Amino acid sequence: MTPLDQLLLLSALTVVVPLFTGNRRITGPLATLLYTGQGLLLLRMAGLGYGSETPVSSAVSLQVLGLELHWRFDALSWFFALITIGAGLLSSWFASGEWAQRYRDSGSSLRLFHAALALNVFTMLVLLASGELLSLFIGWELVSWASFLMMSLGSNTALRYAMRYVTYAFAGAMAVLMGLVLVYTRTGSFEFQAFRDAVPSMDADTVWLLFGLFAAGFGVKMALLPFHLWQAKAYAETPGPGAAFLGAISSRMGLFAMIVVLVQIIGVARLVELPVPFTFLSGRDLLAWVAVFTIIFPTFTALRQHDARRLLAWHGIGQGGYMLLGILIADDLGSAGGLMHVFNHATYQAVLFMSVTAVIHRTGTSDLNKLGGLVARMPLSFLAMLIGIIGLAGLPPMNGFVSKWLVYRALILEGSPLLFLGAVIGTLGTILSVYKLIHNTFLGQLRLEHVDIEEAPSSMLWPMMILSTVVFVTGYFPGLVLDWIASVQAAVGLPVLAHHLGGVHIDKGGLDMIWVVSVLLAGFGVGALVFLSGNRSKRVHQLDNYAGGHFLTADTRYQYSDNFYPGLMHLIGPWYRKSFRWLEGGFVSTVDTVSQLMQGLYRHTHPAFYLLAVVVFALSWVMGGD
Amino acid sequence: MNLSELLIELLLMPLVAFVIGLGMVLMMRKIAARLGRRIGPPLLQPIYDIIKLYGKRTQISHGLIHEIGIIMAVGGYVAAETLLPVPGMNGLADKGGVITLAYVMMIPSLGMALGVGQCANPNGSIGISRALTAMLAYDIPFILVIFGAAYVYGTTNLADIIAIQQQQGVSGWGLMQMPLLALAGMLALPAVMGKQPFEIYIAPAEIATGPMVEMSGKFMGGLFVMQCFQLYTAGVLYTTLFLGGGAYWITFLPKIYAVVAIPMAAAMLFPRYRTEDVIRLMWKWPVLVGLMGLAVAMK
Amino acid sequence: MSKLDNIPVRHQPTEAAGRKRTNPLAHVFDELVKFCQSRSMFMLHYCTGCGAIELPPAMTSRFDMERLGIQPMVTPRQADILLITGYVSIKTLKRIILTYEQMQSPKYVIGICSCTVNGGMYWQSYATAKVLKDYLPVDVYIAGCMPRPEAVISGMRELMSDIKSGRAQNWKRYYENYDHYLGNQQKLFGEDWQTPTDIIAEARHYGLMTDRTLGEHTALLEKHQRPLEALEMRLSAREKQKT
Amino acid sequence: MNELVLMVALPLLTAFLLPVIDRLSSLAARWIGPLVLLLTAIIGLSAWSQTGSGAITIELGNFRPPLGIDLYVDQLALLFALAVTLGTLLLWPAEGEQRLRQSTLALLLAGSGSGLALSGDLFNIYVLYELIAVVSYGLAASRGTAAGQAATLRYLIVSAFGAALALAGIALVYQATGTLNLAQLAQLAPTQLNNGQGLAAFVLMLVGFGVKAELFPVNTWVPEVYATAPARVAGLLAGVVSKLALLIIVRLLILLFPQPEALTVMLVLGILGVLTGELAAWRARDFNRMLAFSSIGQLGIMFIAFSIPGKAGVFAGLAVALHHLVVKPALFLLAQRWGGSLEHLAGVAKGSPLAAALFILLALSLIGVPPLPGFWAKLLVMIHLLEQQSSLYALGAWIIMAGAALEANYLFRVASSFYRREAAATPPAAHRTGDLAGASLLGAALAAAVFLIVPLADRIEAMAGQAADRDHYIQTVNPEPLP
Amino acid sequence: MSKDLNIWLDDLLGDIENIQFKRKSSRRVRVDVGSEALPALLELLQGRASYVHLSAISCVDWIEDEEFELVYHVWSYETRSLVSAHTRIPREPGVYLSIYDLYQPAAFFERDIHEMFGVFFEGSPDMEKFILTEWDGPPPMRKEFDSEAFVNQHFEWEQYHPQWLKDLEEEGGGVTTRPEDIRL
């Protein structure tokens, strides 16, 4: 019973326990305890994270149809497992207090929710532990079906979007399976090592075919550009903590699989040699450009959303682009940036989804045009969202900045200005839309009906506060995360990043977050001193406001929230032509017409005629033969 | 460079920045006056304004976030100044490069946006949405220029950039090596400083000075201080990247003031652009020139 | 009109100069603040009546108020001087009082044109307020049925010297005998007149309360005033029961 | 050892005696059928271990093969015989007032089915195939509705025409070789049948027997018959009988026609079958019709699998066939109550959660989600297809993948509509305990297969090996050489 | 060209009985008409005589005759001439019918007259207070309303009589007549 087996066993147990404890209040805390147990077991393997241990393999191994299946944990899977279990722990903690009561009273089953969450964590651990391609595929399928289960817990619309997700996910899985079997026929086994040895001997077309299949298959889960339509709506409709979990880690499983296949096995160097005909781009550039467009388009779609959950879900897609871009640069800085962005995004996306769920819990709506001024009544949720959006926007004190800085520094060193420009456009779009989020929810005029709401319950506040402190602390001391990433780079075969607790030291312009953040805090101190040198100020009511001589009254709603960036929308409004939705619609309608054609075959046509036609054709073909 | 010397530098740089910034504000108002055939404010007018604002007996605040917003606005720039090397003082230039500076410069605007958000004043919110859109507009050419400079010099550490430019004397200046990038930077500078043609977010008649609508007393004073820092940072960053930065003060000061004077002089003659025109303008010419400059610089 | 030479000149005030200098440094900071307040006055860009047409020439190139440090500001929050220019109709007086209360002290009111002094040529009209002084404390009057820009600037300089010498403390009088002003206002606008600014709380906050601040008029106001205390951040309902 | 013949004879005998028994006591008539089937199943099971080592052959009436009819019993044949008997037992169609006629027909089906599986003589196969066809007409029309009658009539025409073609094929074979015994034919095949005439015979027989095996061009009858026939009969036809026809074709392929052209014909028709089946099912609005199209698609996959040369092809095809054998009848049992249009299935999970969960388990296995056996079967097919290094086989693999994606979409569109919050206007009635028990039994078998996958895989591989071994067939039968 | 149009107008108005019409100049015509005939006249002018623009409705308070005089000024763009139709309505009920259906701008003029003189126009869309929202006294423009008396009663004056003003008056300078002695 290696530590890995114990972890997987406990994770399976966590799936079973909620099924028995059912809708009682004990399910939540019990599940949270079990997750902490899993966390402790994971920490026992902490050596993996610090590069000291060799991969921990599981005792179980299967021999099916002559194919050997085995499971093991290495630094890469340990890193992702840490995020998964952390997100699972905090989501289930968030879902165990008052939220659970409200969820149960609204008629949906708490048993199913906690079982689905635990199932997600378990299947992700199985995927992360995959030892060779076949177990990777099995874990991949289990993860996509588990997240389908999680997504379909919401309302009817959630079912519809979950259904759409399953179609995308299963088509992607079929592409991956095709790729696997192609590899098997080339190398004779599903082992990573065999595939890695066979890659140099493969000619360009097969590598293109494999690259296309794996990139498309894993890209569906990561919501890369052409396949990104399903994610925003599906994550937004999932019940609160579920959305926090899915948003944080679920689509990063695609990135894990892509790292395993594209980076660890095929190797980015091999992708660079793949020429795209008639252009000067290489395979890597093509995927990098897909990543950059995945940053830009979803972020500017998020700008137009007026539902907080949709806005965050669209950002989830956008941030995925950074991770892929970072990893594709494949030097020590860029890959560290991409990997660290996985951790950072998990933390602040979870805290943002949680604070939006807290707002929904208290006010009943997440429509940005119906909220406003909640900072006076929910200050801690505001603090959590503030730290979250500073992280999401990638501004200095928080950890989001460090990973973006690494990606940008790598882009400068590598000298690709247009990629750099695309990434920066994405960041600026994020800053605009996150400000719209926090302004419309927490700042501005407090509505009459929200005057006497209360702060979120403590069971929701604790996870949010923990996550916010994690976001700030890993921003202040990025070294904590960079240690894990260095060991991951070593395991994956990327150049390892020389780093120290504060950040990265390069002679041509490094980053020392300890100094930058301390100076920032000192600056805030000086700002406070300068501020306090003035006389005492008096807090005034929100109606005591300058409105051009007009007497403001509480019943008029003067909060500016709809069409928040008119100037920008005036200019780029016509560019939103929903071209991807049209593309998807087009594909579905072609399948529909062809299917109608096929159904025509089976309508009451003259069967005998078919028989005759086939036989005549067969005979002529045969007779013609000799 | 031991710790105590560094700490002194960290204290001194913001003060120096503030004083030079005041001079820039005075110069701006003098230029505006002179263009209108007026005498313009007396020499120490910016100081008087700030002291008067901080000396106000009563002030109104709309909540803790309103106060924190102003503190972040002033504090953000105080931190940004320490990343900008000036003759004799390198501060934290090597700890965080030009990308960090570009991001630290965004914190004050975000802080102010939060503060104004809590004032629950529609004028303020409209002003902030325009300010952020303008930031989106001018940041793209600004980042392009930074990328070009960082790529050509091969480093993002501003102190090294100055050293490289100092070696070949005037011919080593950024201006000489990449004229197009310098031009693009100059085109984007008015917007970075948030001055006349691009300050639709402070449209006094239309939205009652936008974000500053509910700022009284020390809040308004904070924003005046921030304005000084804003001008100083833009001017010094441009000089550091393209005009060989500061070797000694006597050559450094005229360069900064010249850099800041040119856009201001041009600015006062233009009416304010609408927000979409700001974006269209900023995304068309500076980006075009910047990309050409990059193409030339990166071959 | 009488000959120009014997128009009376205001005699110099006595008590300010007489203060003896105890400790030179004691008041240096106050002196500096008062000096800066006098050298940097923000004028509220709000024309209440016909006299405002004289202000643009005072600001532009011929007279250029900026050399005195006077800048037009748009919102009452940022402004120090409120120029009441021309006749004050009752509807406008409501807005003037609202704006005055939104301004942050030390704030000064300059009554331009004679209509603010005693009703001016509209003294007979049912629709204008005659004596501005009753409704809010006025620092300087600039007489004239639209005084020329020189007169406006001389009024400004008058105010600057008052500020420098510390005599311009009229804004305190609004807090100190708010009841008197409120009474006059209620007489004009009716019993249920109230502004969104909570003057009594401000007076209490800044320690400017005197026995004349509260009276029967403020009692009237208390009866029907909407709650105006600020939205304090609070964590949960428990505090709600307490307050 | 001769009691294996009883497996064929006993059901036929009881079928004929049934009207007589019914006159004596209706209770006996009701239970005699299942009893007999149980008996034959036990006989079959007892013989199972003997065939483990090698196949056995039984000469009827001790006449040597070229003259007499012999039964060739290897693991594969016995498996299918057992499948027929147990299938008929599980899906016993007899209920309602026509019980007598339906039980006789069911018994006839069981008898002829097992006979077909075991027989080693080509003409005997044809006769029993005709018998099964006739029986299936009776059963298909047993509901008595007008649409049912019309559909069965159309089915009758196609089937009869097919049978005629098969007969022509057999005639060609007899003309070329002079014998109809499979073993002798296997000996003579490389010399006599390796020419155009042989291939023509194969094509005729492929199309002839393909009617029952839902081969592409001739399966137009499938949607209507399964939509109108009672669900249990449809389950029988789709689940069991189509596999028997497929078994015959595979036997012919292995023994008589090992040429590559035959394989390619089957591959092409298989690909077309999958394509039309899955695409047609995508728009299906009726539960039974959707299952019908899906079974066409699955059988297409089987055809593609069996078209892989050698033992690997038989192994892959067998795996898919067995998996479909378990899943399809269970789905049709569910269709008993959920028959009509898909709209009124919305929100049905609240009423019958077990049925909905069962449907999801079966759908997951059908599209090949990993831990379930469906995935291993599909993986096997994919591996062997792509090992052929030929573009046509690769095309087959791509089509199977696309078909699976389509199948996932339409199956889970139905599955997710089960869990919609508000129920449909006319919710279906609750399942009869019998159907639900049968379906959950098959579901349980599927779930058990998840854990027993390794032994099952080896057993099927052994079976495929035994079936694909031509000279083993010839030695066990060792017919006398022709004069 | 406008001369013959004027001639045509003159004889048009000439043959309408019991109205007095006087041409003040080539572009001004005054018509006195009975209060019940006014709408018909305006309709005629608007329809046939191209007087499509109602520039104003003014009201004169003849307190001695106990009557209000309503003057409707209509303007024609073709003939570039103005017709002002005068009519008298009794002061007491002070009710007249609105011509909103002929000229939409009439709504505001009628509203203003209602506010200032208290004349109620039936059929006018809106008779609410328009300018004097703060005023709840009698309509102020009526002659019987004495504004100065109202002011003296409601407002106090600033008794501003400082020493320098007294010295000035002793020298004979300063204000010639006292405010309360001024009569218009």
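Each chain carries a letter (A, B, C, D and E) given by its place in the written order, and its residues are counted from 1.
Just so it is clear, a residue touches a chain if its C-beta (ideal position, glycine included) is under 8 Å from a C-beta of that chain, and two chains touch if they have at least 3 such contacts.
Keep in mind it's a predicted model, so treat the numbers as computed, not measured.
As a matter of contact connectivity, taking chain C out of the picture divides the rest into A, B, D | E. Number of steps on the shortest path from chain A to chain C, with steps defined by chain touch: 1. Comparing per-chain C-alpha centres with the mean over every protein C-alpha atom, the closest match is chain A. Ranked by number of C-beta pairs in contact, the top chain pair is A-B. The greatest centre-to-centre gap from chain A, using C-alpha centroids, is found for E. When each chain is reduced to the average of its Cα atoms, D sits farthest from chain C.
Distance from the chain A centre to the chain D centre is 46 Å, each centre being the mean of its Cα atoms. Between the Cα centres of chain D and chain E there is a gap of 103 Å. Centroid to centroid, with C-alpha atoms defining each point, chain B and chain D lie 80 Å apart.
Distance between chain centres (mean CA atoms), chain A to chain B: 36 Å.
Counting partner chains per residue, chain E has no residue touching two or more of them. The multi-chain contact residues of chain D, meaning those touching 2 or more other chains, do not exist; every residue touches at most one other chain.
Under the contact definition stated at the top, the residues of chain C that touch 2 or more other chains are 75, 77, 202, 206, 230-231, 233. Chain pairs that touch, as defined above: A-B, A-C, A-D, B-C, C-E. Residues 372-373, 375-376, 382, 386, 390, 393-396, 401, 405, 408-409, 412, 415, 417, 420-421, 424-425, 428-429, 431-432, 435-436, 438-439, 442-446, 507-512, 515-516, 519-520, 522-528, 530-531, 533-540, 542, 544-548, 558-561, 564-568, 570-571 of chain A are the ones touching chain B in the complex. The touching residues of chain C, counted against chain A in their complex, run 46, 75-77, 95, 98-99, 102, 195-198, 201-202, 205-206, 226-237, 240.
Of all residues in chain D, those touching chain A in their complex are 154, 157-158, 161-162, 165, 195-196, 199-200, 203-204, 206-207, 211, 217-224, 261, 265, 275-276, 279-280, 282-284, 293, 364, 367, 369-371, 375-376, 379-380, 382-383, 386-387, 389, 397-398, 401-402, 404-406, 408-409, 412-413, 416-417, 419-422, 453-454, 457.
Interface residues of chain E, counted against chain C in their complex, comprise 132-135, 137, 140, 147-148, 150-151, 155-158, 160, 164, 167-168, 171-174, 179.
By the touch criterion given at the top, residues 373, 375-377, 379-380, 446, 452, 454-455, 536, 538-546, 549, 551-552, 554 of chain A touch chain C in their complex.
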